[in-house]
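Pasting the structures here.
The two complexes that follow have subunit A in common; it is paired with subunit B in the first and with subunit C in the second.
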Partner chain A sequence: MIRYIGKRLLQMIPILLTVAILIFTLMYFVPGDPVEIMLGDTATPEQIAAARAKFGLDKPYLIRLWNYLVGIVHLDFGTSYLQGSSVASELFLRFPRTLTLASLSILFTIVVGIPIGIQCAIHANKLSDKIWMFLTMLGNSMPGFWLALLLVILFSVKLGLLPSNGTGGLEYYILPVVANSIGSLADIARQTRSSMLEVIRSDYVVTARAKGLPEKEVIWKHALPNALIPIITVCGSRFGFMLGGTVIIESVFSIPGIGMYMVNGINSRDYPVVQGSIIYIAFIFAFIMLITDLIYAYVDPRIKAQYVKSVKKA
Partner chain B sequence: MEHKKTEGQDLISVKNLYVEYKSGGETIHAVNGVSFDLEAGKTIGLVGETGAGKTSIARAILRILPDHATKRVGGEIFFKGKELLGLPEQEMRPLRGKSISMIFQDPMTALNPVKTVVEQIAEGIRLHQNMNRKDSLRAAIKMLETVGISQDRAYEYPHQFSGGMKQRVVIAIALACNPELLIADEPTTALDVTIQAQVLDLMKKLQEELGTAMILITHDLGVVAGVCDTVAVVYAGELVEYGTKEDLFDHPRHPYTKGLFGALPDLSKDVNRLSPVEGLPPDPSSLPVGCAFASRCGYATDKCQKGHVEMKRFGDTHYVRCNCCEEG
Partner chain C sequence: MKKISGAILAAALSISLIGCGGNASGSGANSAAGASGGQSGGAAQNGTGAAAGTAASGQVDKVVVGLTASSFDVSPFGTNSIPRQWLAQNLYGSLYCMPYYGATLEEMEPWLAKSIEKVDDTTYSVELYDYIHDSKGNAITSEDIVFSYEHLFTDAQETRINTYLDYIEVVDDQHMLFHLKKYGPGVMEFLAGNYTLTICDKDWFEGASEEERMNDPAVTGAYKIASYTPGAELVLEAVEDYWQTDESLRCSADTQNVKTIQYKVITENSMRSIALENHEIDATVVDASELKRFYDGSALPGWNVNITGGVFCNTIFVNMDSGKSPLADDENLRKAVLYALDSESIMYGGDYDESTAEVCYSFGTSAMNGYQESWVGSDYWGYDPAKAKECYQASGHADGQVTIRLLSRTSIADGIHSVIIANLQAAGFKVELLSYDQALFNSYKNDSSQWDLILDNKGATGPIVSCWDNNFNPAGYTNGSVCFTHDDHLTELLTKATTEGSTEDIQAFHEYLKEIACVKGLFTTYNLMIAQDGILEQKVNGNMMPRVNAYVFAEGYQSVGK
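== the complex of A and B ==
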């Protein structure tokens, strides 16, 4: 197992290098010049040339790429053109906020979404199931920012119960978490319902019932573990997205997280910021996928057996 | 049908059992008025084609019919004098797995793939015998050894087991709490012939040791001959012939039962081809008014087509549902 994890971590290196080269190249071809945006219309050609030389933008593509990649290997993601601060340290500064928001959101998603899905599967096609499925469809199709604004109007403006923006204690995260998770929650509920429906009628569930186990244990201990794999997949990718920063939620609630950092970078053609953020997102996604795969192995002994076998062969 | 015995003697007594399913607006008449009795320690065989309603009878006794598809369960099932079908779920649950347990048809799917086999056996023991985890695991390992699986494989998962071993585990789960009644739903169908004999021997041995009564569901007449005391032939959700093993094997009376025996190869005779029962069983969503077997029967008359055929008694123990057989 440890060898498998090591192998997966090593596999991340070429993935991240490819992402770095791709995003660097893309940014190179994107129209718009950071220097012109920064200095404005009044800048003289001399000033522009000087700024270009300062940021190394006057050098040819290959040399700039090489310099950038060498920097990355030393964990140096460059400095922001606009703020002049190191991209890496800025990402580190913002990461805890995004991590808190994402972790609380995925927790909320799982704790609420899975039980809803299970209830729907147990009462499939009955009225309660139909109502929940309608609500989850609503949750799925409702834009996050709209829900966020509605929540702010109700809980902050009208009732004055919760802060509407900024960061601080846990209460600052309640509204963002709800707004951030409603889509995933609906997704998880639906996924749980459909994969529970698949296993709930299988023979081993009948075996469990025939043993005399209470229905609760039949569902939670026998059916659910077998339905978990697709649920984990959805949770993993949702969590990955959330960790990448949720621009809209961060903007509505003015949380200075990674999503806002990247979008500001894109708007001002702040190449190092954009590239650094993208590489961070690629890394975090690959990392979450690895964790997801490890959870698969924990949940399903057949998958674990495959990992162990593949390591033996290698 | 009339019984001379009083109810007290029987471990289980099924009376006029009906099971109906719903499927796409249609009603499927799976079991239509089945009655039989079984004394403690004895074995009854339910024989019939696929889809005749044998498994539905078994699941109705344990009350584990699929909720979403079941439309109606009617009749009465007395287990040690207690009527099961009307019992509240909380009182039914302690019986399941403890007093009545079931061996399932397909060992490949009957075991939970994400739990170790020993845990799947121990679970029931823990529940019914009030044991702690450690003791229940020890008891489960003992049970595994009883069915011939060594204890160093106890903590493996079902996917690491062969079909025959999985079937043994399924048997171990069913026997773990020394049930008074064991329902074995085609316990050997999924196994190859050499393993079949082993599994049957094992079940017979355990039955003798524990004094368990057994309802054996099968379409294999050879298995019936080896294991059963009484036999009930099920056709289209009805018993068409019911009696002791000797009654049925030596004097089969119903044309369907005769047909079943005719479909068996007999090495002592010089026949080139087996004689199968021609045709298909009737559609359970629209059963005929008269005898369900009439359309496949060589002796069918107008009388058979028109009215429902009642069970007739022959001798002390032999019952046949056929117009052509004269009461004796």
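== the complex of A and C ==
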């Protein structure tokens, strides 16, 4: 298993390198000059040229790309043109906030979404199932921004129970987590319902019931583990997206996370910020997918056996 | 199960009803804000105050202020940004302090410099106090001033230093001669105390790590950084052993009316209003769409509102590059465009009204020095659809035959674009809107082949002639000017207006801009500052941004900030 993990980690290197080259090339060709934004209207063409030279923006594509790749190898993503701070240290500083928000959100999603999906599957096509499916559809179609504002108006302004913005203790994360999770929660509930429905009709579940096992045991011990693989896939990709930064939630609740950092960088053509953030997201996503695969192996011994075989063959 | 489902459904409905149905400005939270209703206002007035309470004689402990942007750099020579415009002068001193927008050198207040005397048009003698030291005890001398101005140009990209300043001649530790490249209204004022100028000790800066420069800089201003969380908040504390111990020599910028200033980043406009209403912050600025929560002609109970004049003019420029635009070679078409545009409707289209914006009657705003009172209400390309149509027809084109490419930004309200397009279509033009993000907009605006009309927001540090100089001085452009004019007479009039700055020169340039029909100032938006009513007066700095250190508080004011 350890060899499998090692192999997957090594596979990440070409992925990250490709992402780095792609994003660098895209940013190189995207029109919009960071120097013009920085210097404003009063700069003369000579001053603009001098600033471009200072930031190395006047060098040819290949030289800039090479310098950039060499920097990445040394974990140096460059310095933000606008903020003057190191991109790597800024990402490092913001990561805990994004991680907290994403982890709490995925936890909330799983803890609430999976039981709802199971209940819906057990009571398929009954009134409770229909109500939950209606609510999950509502959750899916409700814009996060709007929901966030409603939650703030109710819990912060009207009831005065929770802070409306900022970071601090756990209480600052309650509203952002709920607003961030509703869409994923709805997705996971629906996915769980459909997977469970498929499994519940299987022969071994019928057999378990026929043996007289209590319904709870049938569902939680026999049905759910076999329905988990697609649910884990959805959870994994949702968690990956959340770790990439949820711009709207961060913006509404003034959480200085990765998402806001990247969007500010894009708007101001702050190349080092954009490139560094995207490489971070690519790494996080690849890493989460690896974790997801490992969880597959944990919940399903057949998959674990496949991993071991594939490593031996290689 | 059914009961649980029902309860959740009911809860969801309650959230929607409570959330949507409430009147945000009249909530219970507001009425708890206290005492009598703050009042103030007066559109485009510098500094207003609430009548509630008595002004505090001493320093209050804390104030929490909502900042509007998250990306900023507080190191000594950081790149300019909106938050930096608020707080740079809390941290770093300049030679003189600009007490209000557009102040002249004579009206400016001495800060690090004891005096600035004019030797001749391009030479000024500067004398520093001989007891200045920064927050880490380093003495500030002439050498540090020279070092700071060099770094402001090279590091902070403050390009105007290079445009205005030739060199600084050091006479001794406290005396210098500033040799200028150009002279006229606003030039020495800029070099003496613009909000972007920051003075820092040379030895400290050269020996400091990046981390120290960012988080614990040696400051020459009245506040130092207590804590800084990038993107989230910046807490400043009054420097206890501030170098200027003589209170009578303090200026507006180094007043210490507050011991701790907590700047809290809240980028979303409505969330800043909610934070005010929810008593999470004491003061902030809001956009026009939020003003009605706090103001209905006068400040609503619980609030202090300060509405200050706009320093940016939303302007339409016409492409004057011959052969690149149908407008450049046809005066009738240009006149048709300018007569067709209804500044007032365009302003309303952006969701502004008389309490949040005002129409401009020149290329500049009424807050700028040199803006003539006689222009207000004058015939400045007044909206005249019949005349616009007439000019269009005089150009010999059929309706819809001339297509205009209007370059603008995605951040501009759609309503503004809609009204401009409707105005131009009514005159006979066909309009193609090219709306880009700021970076793309910046790339295309200097290319005369990309647009026929451009909607841009232009400002100045004080005098209206600076605004004109920034945009029509050929030295700043590879292709004539902001709208590609190649007009010697225009440049000649500009030189006179920017160097002499007499009323006649200003009037002559204004009239000539009108005559050649290359630009129309549309409207300016006010700065809207809101505070809890225990803050009696919200002062502004030389850039019309909040000067929190000089806010005036009611006796015993306690910050509402949590």
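To be clear about the criterion, the second predicted complex is superposed on the first by the 314 of 314 C-alpha atoms of A that agree within 3 Å, B and C clash if a C-alpha of one lies under 4 Å from a C-alpha of the other, contacts with A are read in each partner's own complex, and residues count from 1 in each chain.
Please note the rule applied: a residue touches a chain if its C-beta (ideal position, glycine included) is under 8 Å from a C-beta of that chain, and two chains touch if they have at least 3 such contacts.
Note that this is a predicted model, so its numbers are computed, not measured.
Trainee: Under the superposition described at the top, does placing subunit B and subunit C together on subunit A give a clash or a fit?
Mentor: Verdict on subunit A: subunit B and subunit C fit.
Trainee: Could you tell me if A:P14 is touching subunit B, subunit C, both of them or neither one (first, second, both, neither)?
Mentor: A:P14 sits against neither subunit B nor subunit C.
Trainee: Rounding to a multiple of 10°, what is the angle at subunit A's Cα centre between the Cα centres of subunit B and subunit C in the superposition?
Mentor: Seen from the centre of subunit A, the opening angle is 150 degrees.
Trainee: Mind telling me which of the two, subunit B or subunit C, contacts the most residues of subunit A?
Mentor: C
Trainee: State whether A:L154 touches subunit B only (first), subunit C only (second), both chains, or neither.
Mentor: Once the two structures are laid over each other on A, A:L154 reaches subunit C alone.
Trainee: First (subunit B), second (subunit C), both or neither: which does A:V206 touch?
Mentor: first
Trainee: Working from the superposed arrangement, determine the closest approach of subunit B to subunit C, counting only CA atoms, in whole Å.
Mentor: Minimum over all C-alpha pairs: 18 Å.
Trainee: Which subunit B residues qualify as touching subunit A in the complex?
Mentor: Its residues touching subunit A are 62, 64, 66, 68, 93-98, 101-102, 104, 106, 109-115, 120, 123-124, 127-128, 157, 159-160, 170, 173.
Trainee: With touch defined as at the start, can you tell me which subunit A residues reach subunit C in the complex?
Mentor: Residues 31-34, 36-45, 47, 51, 54, 81-86, 90, 93-94, 119, 123, 127-128, 131-132, 135, 138, 149-154, 156-158, 160, 163-167, 251-256, 260-261, 264, 267-269.
Trainee: Going by the contact rule at the top, pick out the subunit C residues touching subunit A in the complex.
Mentor: So the residues of subunit C in touch with subunit A come to 1-2, 5-6, 8-9, 12, 15-16, 18-20, 22, 24, 27, 29, 70-73, 75, 78-81, 154, 157, 159-160, 162-163, 210, 214, 229-233, 264-268, 270-271, 274-275, 277-278, 280, 437-440, 442-444, 458, 470-471, 475-478, 482, 562.
Trainee: Quick one: which bits of subunit A touch subunit B in the complex? Just the residue numbers, please.
Mentor: Those in contact with subunit B are residues 124-125, 201-204, 206-214, 222, 225-226, 299-302, 305.
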